[in-house]
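Below are two complexes that have chain A in common, paired first with chain B and then with chain C.
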Partner chain A sequence: MANTFELITSTTVGAGGSSSIDFTSIASTYTDLLIKLSTRQTGSAVGYQFGIRFNGSSSGYSRILLYGDGVAVNAGGGSAETFARIAFTQSSTYTANTFNNVELYIPNYAGSAYKSFSTDGVSEGNATQIYSAGIYAGLWSNTAAITSISISEYSGSGTNFAQYTTAYLYGVKNA
Partner chain B sequence: MPNPTKIIIDCSTGIEEIIELTDAEVAEMTYAAELAAEKKAEEDAEAASDAIAKAALLVKLGITADEAKLLLA
Partner chain C sequence: MAAGATYTPIATTTLGSNQTSYTFSSIPSTYTDLVLVVTGKLTTSAYDTALRFNGDTGSNYSRMVLTSDGSTVGAGRSNSTNIMYIDANGVKDTTFNSNDIINIMNYANTTTYKTVLSRSNNAATGVDVNVGMWRDTSAITSITILAMSSGTWATGSNFTLYGIAAA
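== the complex of A and B ==
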């Protein structure tokens, strides 16, 4: 069981926005990784999911998810995807000046087995029906140790992370 | 017009760089956006088709959606 959390690095997106946030040269000295995100997108599209790529790889991702949109609880999934979806984007259609909260946990990121991960995320949208909460279980079918993580709106609403989006990367040790 | 930028943080040094995307990266993003838009349109159409089919079935059965839920509970 994890009992130490160490902040490796963090960033806040500046005034120009950013298409992606890349953590590179991640040391293999931890047991697990934890990423905490607070994001907003510059565009207005709703229903897209943003995600991550490990080590720049664009293959081998699969996931299942459970999500709520204020009207119903739904489930979905996908396999052989080009990136790992981790949460719904919070676009300008959502409540003004609010950001989503997403937590991504990656156990045994430096091992030689396939890499699993889990996420939970919530968004704030003052509408009768809007994607507002989701939990994901995902897998990257690759045995390489994870040394870099890129977070981006790969799913294609064509927008950037807005100013004041934040990303924190923690290393977790179980001893 | 300049290309969008990306943030790269080297965790071994803590150095953060803001780099303009290359034209190739912008092209890849544009292509991904087109694919995603097509996939989303297909998913939306499928969901709409399912909803129409469900509504038609309820009419055929002469029951409401709530009554259908009750039957399936």
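== the complex of A and C ==
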């Protein structure tokens, strides 16, 4: 039987850390894409968020989110943004060895419509910092097929992905 | 990496014309779970997506939703409805800017009611996480995808059903 759920590529961040995770030359042979992340940042701020860019584009991103921080549930959103912000991530302030987990699903990534996507992210650490569980609805208002994805911390604070951060890119075919 | 035949497309369709619903029928019982991915738009306005299993029009569906419209959060539920609501704020509209990802667990067993966990996303209107129940012990053999309030799915809407096999 045809293999319709395939690992396209993966990366594990080494000892030096990395400012971004980049998937390039993504083939258009799948229907949907799924990214699974397990990450932590080297910087110390609380509340780092991922910023994703498709095809290197710095325009056309919007989002609506719902998240809980252990105390309250909150809503948020934005439009005409320069990154797709998809989840919160741990920093060096958080409990050692804790990494967040994120799933990003991008249906019809190679089609000619705008690209909508879905994100679920969790960040926990058995401590009092602001950890978060959140869901995001995202949109890239661009009709181009997605051929590359770059993931970094969106604010440009200089933080890096910490060692042992992992990212997996899967392709899903509907036939 | 070969993942084996554990995530298999059962059927997919892209509508060639406007229609009020679409039904996946003759769903085999050979999988453990189902995943339904909806990337569709409606012809005239924004409405919720809803499901119906095995053509059951009885008041045998319920759901609970946690939702955000970007400024406020909300929760709600619907009891004893004749369809299973999927969306609240993450509705379908007249663009292709939304999606639903719907997980239907243990769909083929004949001893328990069926539960559904879904996510609906529309970056212009909202985001939802939804849990649904169909109070019926029958194996699910068909799924009808509806748009509420007599909404009509537009040409180009895509519905794909995957089967997840545990082994």
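Definition applied: the second predicted complex is superposed on the first by the 169 of 175 C-alpha atoms of A that agree within 3 Å, B and C clash if a C-alpha of one lies under 4 Å from a C-alpha of the other, contacts with A are read in each partner's own complex, and residues count from 1 in each chain.
One rule holds in what follows: a contact is a pair of C-beta atoms (placed from the backbone, for glycine too) under 8 Å apart; a residue touches a chain by one contact, two chains touch by 3 or more.
Every value quoted in this text rests on a predicted model; they were computed, and no experiment measured them.
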item: Joint occupancy of chain A by chain B and chain C, clash or fit; value: fit
item: Partner chain in contact with A:133 - chain B first, chain C second, else both or neither; value: neither
item: Winner by number of chain A residues touched, once chain B and chain C are compared; value: C
item: Partner chain(s) touched by A:145 [first = chain B, second = chain C, both, neither]; value: neither
item: First, second, both or neither for A:26, with chain B first and chain C second; value: first
item: First (chain B), second (chain C), both or neither touched by A:120; value: second
item: Which superposed partner A:154 touches (first chain B, second chain C, both, neither); value: first
item: Touching partner for A:13 - first (chain B), second (chain C), both, neither; value: first
item: Where chain B and chain C come nearest after superposition, their Cα distance in Å; value: 12
item: Doubly contacted chain A residues - partners chain C and chain B; value: none
item: Touching residues (chain side chain A, partner chain B) in the complex; value: 8-9, 11, 13-14, 16-27, 47-48, 82, 152, 154-158, 160, 169
item: Complex interface listing, chain A residues touching chain C; value: 1-7, 31-32, 62-66, 73-77, 79, 105, 107-108, 111, 113-114, 116-118, 120, 135-139, 141, 172-175
item: Interfacial residue positions of chain C with respect to chain A in the complex; value: 1-9, 12, 37, 39, 66-73, 89-90, 95-99, 101, 119-127, 129, 158, 160, 162
item: Residue ranges of chain B touching chain A (in the complex, touch as defined); value: 4-14, 16, 18, 21, 29-30, 32-37, 40
